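The structures come next, written out as C-alpha cells.
Two complexes follow with chain A in common, the first pairing it with chain B and the second with chain C.
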Partner chain A sequence: MSLDIDSHIRHSTRHIGRSVPRREDRGPLTGRGRYVADIKIAGMLEVVLVRSIEAHARIVSIDTSEALAMDGVQAVFTAADLADVKTFPDYIPYIGPVKQRPLVEDRVRYVGAPYAAVVAVDRYIAEDAAALVAAGTTYEPLPTVADLDQALAPGAPKLYDHWESNCSFDVAPHKPEVDHAFKQADHTFTETYVSQRQTGLPMETRGVVADITDGTLTVWSSTQSPHMVRSTIALMLDMPEPQVRVIHPTIGGGFGTKTHIYPEDIVVPWIARRLGRPARWIEDRMENLVASVHARDQRHTVEVAYDDDGTIRGVRCASMLDMGSGEIFMPGTAPVFVTNACITGGYDFENMEARTIGVVTNKTPAGAYRGFGIPEGAFVMERIIDRVARLTGTDRVDLRRRMLLRPEQKPYVMHGGGRLDSGSHSESFERALEMTAPALERARSRYADDPDVRVGVGYCNYVEPTSPSYHLTTGHWGGGDAATVRVDPDGSVRVAAGLSEIGQGNTTAAAQLAADMLGVSPDDVTVVLGDTERAPYGLGSWGSRGAMMLTGSVLLASERLVDKARAIAAHMLEAAEADVVLTDGAFHVAGSDQPSVSWAEVGTAAWIRYVDLPDGMEPGLETSGYYHPENLQHQLDDTGKINAAASWSNGTHIGVVSVRVSTGEVRIEDYLVVHDCGTVINPALVEGQVHGGVAQGIAGAMYEHFQYDPDTANPRFASFMDYLVPTCAEVPPMELDHFESPAPEQPLGVKGCGEGGTVGPPAVVAGAVSDALSQWGVDLTECPVTPVAVRAAIRAAGTAGAGAGS
Partner chain B sequence: MTISEPISEVDVEVTVNGQPQRHRVPARLLLSDYIRDTVGLTGTHLGCEHGYCGACTVIVDGDAVRSCLMLAAQVDGAEVRTVEDLAPAGADSLSPMQQAFHDNHALQCGFCTAGFLMTLESVDPTEWNEPERVVELLSGNLCRCTGYQNIVTAVTEAWSAYDGSGGSDDG
Partner chain C sequence: MKPAPFDYCRPATVAEALEALGSSESSRVLAGGQSLIPAMNFRLTDVSVLVDINRVDGLASVDCDLGGVTVGAAATQTRVLEHEGAAGVVGGLRAALRHVGHLQIRNRGTVCGSLAHADPAAELPALAVASGAVIAVSGPDGERRIDAADFFIGPFWTALEDGELITEVHFPAQPPGSVTIVDEISRRAGDFAVAGLVATVQADGGAVRSARLVGFGLGGVPTRLETAEAAIEGWAADHPADTLAEAVMADTADAFDDIHATSWYRREAVAALTVRAARQALADAEAA
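This part shows the complex of A and B:
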C-alpha cells in the first residue's frame, strides 16, 4: 500500500496539518466542563472505600457495627457480600495468577488495598463511618517484602502461597551471537541501572458514578477505555453487555493510570445494583497515591562488551520489574517487556540479549504510566553509550552518530522484532545538535565567572512504539478501533469513535479528519467519543494510538460513506458515478458547470426522500470502519520476535544543564527536542503532547519518587508534600523542532505522539549531570537526580574513582 | 476526635459571583464542597484537598484562596468569586485571559485550569506581568498536562498590554 494522502482530502482548505483551535477548551475555561465528580443524581449515595493500613496481613475480623449504627450510613459491604461477583480474569497465561477480588477477602498485600465499602448519604458521614470500620479491623501482620532483593531472597515471605516464589515471570531468551560478541570484544563491564517508582498522577483523581434504571446499568467512569470497562463489568457482574453503558465524561488526564480497570469500577456499580440507588465514589488524593497504579520501578543489570574504538559489540540486560502486589487488572507486567523491546532506541544494535523478570512485593500494584517502559530502556542505553565513550576516550556525539540508524537502513527490524518502517533517527540527532550549540554557548558564558558551576550536555535518541497491540498487555484485547460516520438529513456530519478524549484534543482531531475526508468544515462535524452506547467498540486512549486509530477508522468509514453518497448524487445529477467528484461539500460532475448536489440534499434523499434514491438502493447514510493496522502483530513469531506496535515515532532530546558543585543543585538551562511522529494532524496538539510529556519526564528525572520503609513496606509518602510534582518554576523552557517521516503503511502516514516526551529526560539529565561532573568521574546510574544524589555521587566518585572497565 | 457527637450547623450568608446565598450548613463543611455541592458551581475542582495543587483556588474578598483549606463558615459575610464569573455573562465570548489560554493551547484536560485562572484574576497585572513574576505567581498551581510553557505564554500575551505603569485596564 502506498501513501496517497491527497486522494482522501476533499476540502480545498485542508484542515489536516493546521492548528485548528480546540473544541474541548470552552467547558473547562468557563467552569462548565463535566467531570465525574460533577455528576449528581437525585438520591445518589456516596461510597468510601476502607483501605488496608498494613502492607501484608491477614484480616482476622472486621467489625462494622459501629459504622452501621451511624445516622446516614446505608450499608457497609465486605468481600463476603460480593460473593456473587466474579474474580478479575487472569488472562495472561505466563504470569502468576493473582485471582483478584474486587474487595480483598482475607489477606491484604499492600497499604491501600480496599477491603470494605461504606455507603452513606453524604461523603462526610461516609468518611466518618469508614474510620470506624478501619478502627474495627483486626489484622494479623505477616512479614513483608519491600523491594526486589527482599522479595527474591531465599526463604522470603511469599505474597501468594500457591506460587513457588515471588517471581511472577522470567522470560530469558538466549542469543548465541551475543555470546560470540562477548568472546570477541576487547573489554566488558557490568553495571546496574535503576528507575524509581513514580505514577502518572492526573490532576483529576479517579471516580465512578453508577445508576441502574429499567435494567440498564449506566456507569460514568474516569477511564481511558470505556468499552473495556463495559466488557469487564458485564463479565464480573454477569450482565449482558447491552445492559451496561459506560460513559467517560470530561476526563482530567489519565497518563496510563486510568487504563486499568480498578476494583471501584466493579464495586460501585454492584452497590448501585444491590441498593437500587445511584452511587458515587470519588478518589481523594491520599487514596490516589496508594490506590492508583505506580510505575517505572525497574532495575537493570547489564553486561556490556565493547572494543577499544568504542564499538559496542554486545549487551546482556536483565530487566527486573517490581510489580508491587500485582493485584490490578489488566496486570502491570507489560511495561518491562516494552523496556526491553525499545531499549536500543534509534540505534542500529541487534546484539542485545534481554531477560525480562517480574517480581511481586508488598507495595501498590504497578501498571501503566505514559512512556510505558520506554524511558527506562532509553536511560539504560544512553548511560551505556556514555560509559563506553568515557572508558575508550571516544567522543560521545561521534559514538552516537556511528550507531544511529541511517535512512537507507529502513525498514529496520529491531532486536526484539520492532519494525522501524521509517523515521529520522540520524537527522533528528543532527538537527538537535545544531539547536544545542547556541544553548551550550549561552550556558557556558552565563557561568564563565562562577567556578562553583559546571555545565554539561545529555543526549537521548529514542523510538516510540505507537498504536501497540494490547494482546500481550491484557492477554485478551487486540489493537484496532472503530468509527461510525453519519451524515444527517441537514447535511451535518456525526463521527463516533471508540477512542477517548482525556485532554489530548482527540475530539478536535476527529473533526479535522472527517472535515477533510468529507469536504466540510470542522464546525459541521459533531464528534462523539467515550460512550459505549453511542460509539462503536474501541479500546480507548493509550499507547500513543489516538491519532492513528482515529485516522484509520474515520478514513475507512468516510470512504464508504462517500462511495454511497456519490452514487446517490450521481443519480440526482443524472450522471455516471465515475464522473462525480466531491469537493468542498458539493458533489458535481467533473469539468461541468452543471449545478452541484450538497450533502444536505444527499442526506435528505438517503434518510427521508427515498424517491430521490437510485432504484433498489438501501436508504440511510451511516457507515462504519474498523481499522486494524497492517503491520501490527499480537503474538510472538517462531523466532520469539514481535512487532507489537503499528508504527514507531522517533526523536532526539538534548539537555544543557548547570550543576552547582557545592550544593548539588541542578538546573536545566535549555531543553531541545526534535521529534518525528509522521504526518501531523494538528501541530499545536502535537507540541502540547511534547511539552507535557517532557515535563513529566523531568519530574521523573529530578523529583518524583515513591519511597517505602524497607522494614515494613509502609509508604513514606502521603501527600504532595512528599511526592514532588514539578511546578512551572521547575520545568524549563523547551525548544522544539519537527520532522515528518510519514509511516508508509498507515492511512495518511500518521504515527502518534502521546508518550515520546516522557522518554528522554531521565537519560538526558543523568547524562548531562555526569558530563558536567566528569572531572570527578561522576557517572550516574539512577534517577531522580536530586541535589542529595549529586552530592553523594561527587563524594563517592571522589573517593572511589570512576567505574572502570575490565 | 469524637466523631459520634452531633454535628453542629452554622448559618452562612455569602455573595457568590454576585448572587446572594443563604444556607444552613454543617460547621465542618469545606468551602470547596459548599461551592460545588451546596451552591452547585462545579467549575471549581478538587485536585488534592490538602492545599497544595491550587486547582480549587477561588477569590474571597479579593484574595486568591484554596477553597479546600477554608470552611464555608469562614466566608459568612464575604464575597466569593469562582471561575464561572470570568466570562462575560450571557455572551459566547471569553475573558481576555480565557481567550489567551484558548489561543495558546494552555489547557489540555482542563482540570487545573480554573485554579490558574482564579490565581491570575486575583492579582494586579501591572505588578506581575514580568515573565519571572508570572512563573512565581503560578508556581502554586500544579498542571500535569501542559508542561506550563503554553500557560506562561498565554499569560504573557494576555498581559502584554500592561507595561508595568498601569497603563491598561482591560485585563
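This part shows the complex of A and C:
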C-alpha cells in the first residue's frame, strides 16, 4: 500500500487534516437558513395530503364535494386524476413488485398512506378541506397484519393479492461448512434478537415546492438525492430531464429518510404543472411520523454452535425485516442485507450462514436510516458473544480479543464478500479498553455506597461499510460521483459536485480539498452542491459516501485542471512544463527567482486573453472527474458474494452504565469511542459525525420505538409524547479517540464516517445492563432498554434464567 | 397541524372572561396554552371561543404569607418557581415545578392551567391533593372554593362546570417540621411521569411520625396511598422496605398500562419511590 497524499498538496499550509471551521452553520444558526418552507413564490398554492386512517382497507368512495365547495379551495385530486402519471418503477428483480401509485388508487395498506391531495390558497383552509375529504371517505376495512408473525401465519390476510404470501423475498444460502461446525461443536443454543422500529427523524420534515415556467419544472425538495429525484420526476411525469431542475436548499437533516423518493416528490410537481401555478407541500410532524420511512424493525433467529472454551464454531442467522407496506421508492429492502453482510463486525468469523427475509405488514414502509442495518447485526453478534462467554465461563474481553481481526490478517474477506483491506480492529478495542478502565473506576466509586445501583460494561466492535454501490439497493443506480472544478478569470475557484449538503460538512470538506490541490485558501473556493442545473449528475448524500466521493472526484478534476493550467503557465513563463510547479496559488519555475504566474493570470489567459495561450490549446479552464472506486462491486460474483462498499471503516464502542435495581432506571455514565475512518480530512467534522451518530444510537438503545396496536395495526403514536427522542439531557458525555488506517484503494486513503456512531449503542447498552444485572442472569435480547424492560428482566430471572445451553 | 377555525377574545376583567366563556358551549380558557394549543393543532380539541386570560387584571399574582401560597390563574410556573418566599412556605412547590416540562414550557405554562388540564401524570395536581390545596373558581353562578381532593374526577376531567374559570389556587403552608419530597420516574428529563410520588413526611428520632403520600401517573387522578400512610408511621431506616412496598402495592391496584409502562411497573416504581422518600426524609430529619 502506498499513498502519496503529499504529491497532491500544493499549499504550504495544508488544510486537509485540520479542523477548518464549518461553512454550513452560519445560515441555520443565525436564522438565515433557507429551507424549503422558506421559499415563497407569488401565487403559490398550498397542498395538503389526505391520508388513510385505516391500516388495511379498500377505499369505496371519496366524496370531495364539500371540500371543493369551500372558499379558497382550488382543487382536490385523487388517484383517478393522476392517470397520466407513471407508476413508481419496480427496478429490483428479486423482491415482490408493489406497483406503487403516487396516490393510492383503491386500497390502503397503512395508516398514513396518501390517497387525495387538497389544493387551497393557504394551509389553514387546506387542512379544513382535508378534514372534509377524510370525513367523506368510505372504507371497507380488510383484516390487518401488524407484525411478522401475523403476516406469515398460514392463511394470513395478504397485502398484495398477486403475491403468493406476504413474503417479499427470502434469500437462503446454504453453507456446508456451517453444518459441519454444528456437528463438531460441544454445545448449541438458539435465541431470537429484536431491533425495534424507529426512524431517522430529521429536525426539518420533508417538503416540496414546485413551479413550472417556460416549460421548465423547478422543484425544491428536502431530499438527499436531487439528481435521482430529477430522473424519477422526468420518468413519471414524462418530461425530458433537462426540463426538470431539482434543488435542495438548506436541509435540516436527512439521516437516510430523505434518500427515498416519495409520492409528494411527484404529486406536487404534477399539481404545479396541472394548475399552472406554483404549489408547495410541507410535511408536518404528525404526518412525518407515519409518512416518512421507518427503519430497523428486524428480528433475528439465531442458532449458535460453540465449544467449552468459548470458541464460536458456527452461526445460522435468519434475519427478517418488517418492511411495512413496502410502498416506497426506492424499496427499503437493502438494510437487512447490509445487516447480514456486516453482522460479524470486526471479528474473524466466516462460519456464518445468514438468511435474509423481507415481509410486508400494514405499517409505514420501512426504508433507510443512518446505520442502514449495521446496528441490528452488531447487536446480534455482540449479544451472542456475551452469551457464549457467560455459558462457558469465558472472560468477555478475552473472547473478543481472540476473535478480533489482527493486522496480519488483512486484507480479509468477510463471510458475505466484504473486503476489509485495512483497519484497526484489534487495536481500536485495546485502546478503548485503556480508556474504559478509569471510567469504570469512577462509576464504581460513585455508587459504592448505594446498594440499589449496579454498574456494568458493554462492548461493540463493528465495521462500517462506506460509499456503497446503490445497484443492489435500487436495482438501478450505481455508486460513483462526479465533480467539476473551474478557475474563473479572476483566479477564484468553483467546485460543483453531485453530492448533497445535508449538514455533515461536505461543503467545507470540498473547499479544503480543492484549496490544497490548487494551492489556494479555502476562502477562495466556492462550492456548489444540491442543484441539478449547476452540479454534475451525482447520487447525493447517503451511505457515508460524501468524504470518499468528494475527495475522489475533486481530486481527479483538480489534477486535470492543474495539468492544463501548468501548460498555460509554462507558456507564459517561457519554460518547460516539467519545470513549472504550483505552490500557494502561483506557478513558477522550480529553483528560479523569475516572477511567478498567478491563478488569475492563468484564468484570464484561458477564458479571455487567448494570446497568452500556447498554440493550438483549447480555451477554458474547467475540468470534470467522475470517481468510481475500482474495488466497488455492483453485482454478486459467482460464489454469491459481493464487496458492495468501496471502503470499510471500523470502530469500538464501550459504555459504562449504572442500573438502579429497584426502578430499572439506566444511566450511561461514560461512553467511549475509538474510531477509524482512514485519512481524516477534518477532525471536527468526524467528531461531529460520531457524536451525532452515538446520540441516535442511544435513541435506539433506550428510547425510540414505534409501537402498533396488534389487533388493528394502528399506530400507538401520534406525536413526540409517544415517540421519545433523546434530548441533550439524555445523551452522555463521550470520549473519543481515532486511528487512521488509510483506504489503500482511495487516492487520499479516505473512508466514510457518517454512520458508525449509530452502530454501537444498542449492543453496548444491552451488554452493559446485562453485565450489571448478571447476578440475576439478565441477558437482554432486544431494544429499547427501558426501565420496564429492565424490571421485567429482573422479574423473569429465577424462573427462566438466561438461555441455558444444551 | 393547523387548528380548525375559532374565535379569540382577550378580556380585561374576570366578569368579561366569564361572559365570553358563557357565550359558547365549547369555549376554552387560554392561559399558558402548553397543552391546549397542541391539542387544537392536532384537532383533538374542538374549541369555538378561546378566552385568553393573560390580560385579566390581577390574575398573574403570586402571594405568599405564613398561611400559604396563593397563585393566580395567569401566573406562570417560572414565576412561582422563582418566587423567593414560596418555597419556604410550601416546599413541595419548588420540588414539583422542577419536574414540570422544560424552562421554555414553564415560562408560559401556568400552575392553575396544569390543575385545570388534570393530566393524570402531572406533578401539580398531586401536589395540590397532597398539600390540601383549595381551588377558587368563578362562574355564572358566582364564586366557589373546591378542595383539591374533590377537584380531580378523572383523566383530564375536573369538577369545573361549563363557563367556570379557576381564578386562583391556595396551597396551605406545610406543617412545621415536615419535608415534602417530589420524586418521579420519567423516560426523559422533563417528560410527564411514568410514575411519581409527592410525600410530605414528618420524621424525628430516627423514625417517621406521619406522612401524606400521593402518587401520580397511576390512575385517572392523583392517588392517595392510604395503606402506605398507615404503614409508614413509625417506620425507621432499618425496618424492612418490603412492608412499605407491599402497602403501596395494595393502594395502587388500579394503575394503568400505556405504551410507556405497564401497570405492574408503575406500582413497583411508586413503591420504590416511597421507600426512597422515607429514607430521604429520615436523613433530612437527622441532618436538621
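Methods note: the second predicted complex is superposed on the first by the 804 of 806 C-alpha atoms of A that agree within 3 Å, B and C clash if a C-alpha of one lies under 4 Å from a C-alpha of the other, contacts with A are read in each partner's own complex, and residues count from 1 in each chain.
Everything below uses one rule, namely that a contact is a pair of C-beta atoms (placed from the backbone, for glycine too) under 8 Å apart; a residue touches a chain by one contact, two chains touch by 3 or more.
What you are looking at is a predicted structure, and each value in this text was computed from that prediction instead of being measured.
> First (chain B), second (chain C), both or neither: which does A:A37 touch?
In the superposed model, A:A37 contacts chain B only, not chain C.
> Where does A:F717 make contact in the superposed view: on chain B (first), on chain C (second), on both, or on neither?
second
> For A:A569 in the superposed arrangement: first (chain B), second (chain C), both or neither?
neither
> Touching A:T250 in the superposition: chain B (first), chain C (second), both, neither?
Once the two structures are laid over each other on A, A:T250 reaches chain B alone.
> Which of the two partners, first being chain B and second being chain C, lies in contact with A:D128: first, second, both, or neither?
both
> Of the two partner chains, chain B (first) and chain C (second), which one does A:A557 touch, if any: first, second, both, or neither?
Neither: A:A557 stays clear of chain B and chain C.
> In the overlaid three-chain picture, which partner chain does A:I502 touch, first (chain B) or second (chain C), both, or neither?
Only chain B; A:I502 stays clear of chain C.
> Is A:A695 touching the first partner chain B, the second partner chain C, both, or neither of them?
In the superposition, A:A695 touches chain B alone.
> In the superposed model, does chain B or chain C contact more residues of chain A?
Touched residues of chain A are more numerous for B.
> Should A:A763 be classified as contacting the first partner (chain B), the second (chain C), both, or neither?
neither
> Where on chain A do the contacts from chain B and from chain C line up?
123-124, 128, 131, 284-286, 719, 721, 727, 729
> How about chain C: which of its residues touch chain A in the complex?
These residues of chain C touch chain A: 1-5, 38, 42-43, 185, 187-192, 194, 259-262, 265, 268-269, 272-273, 275-276.
> Enumerate the contact residues on chain A facing chain B in the complex.
Against chain B, the touching part of chain A is residues 19, 21-22, 24-35, 37-38, 40, 70, 123-124, 128, 131-132, 201-205, 250-253, 255, 284-286, 502-505, 684-685, 687-688, 691-696, 719-721, 725, 727-729, 731, 733-734, 757.
> Help me check something: in the complex, which residues belonging to chain B touch chain A?
Counting only chain B, the residues touching chain A are 3-4, 26, 28-29, 33, 36-37, 41-50, 52-53, 55, 82-84, 86-87, 94, 98, 101-103, 105, 107-114, 117, 135-136, 138-152.
> Would you tell me which residues of chain A are touching chain C in their complex?
So the residues of chain A touching chain C come out as 123-124, 127-128, 131, 284-286, 662-665, 703, 705, 707, 716-719, 721-722, 724, 726-727, 729-730, 786-788, 791-792.
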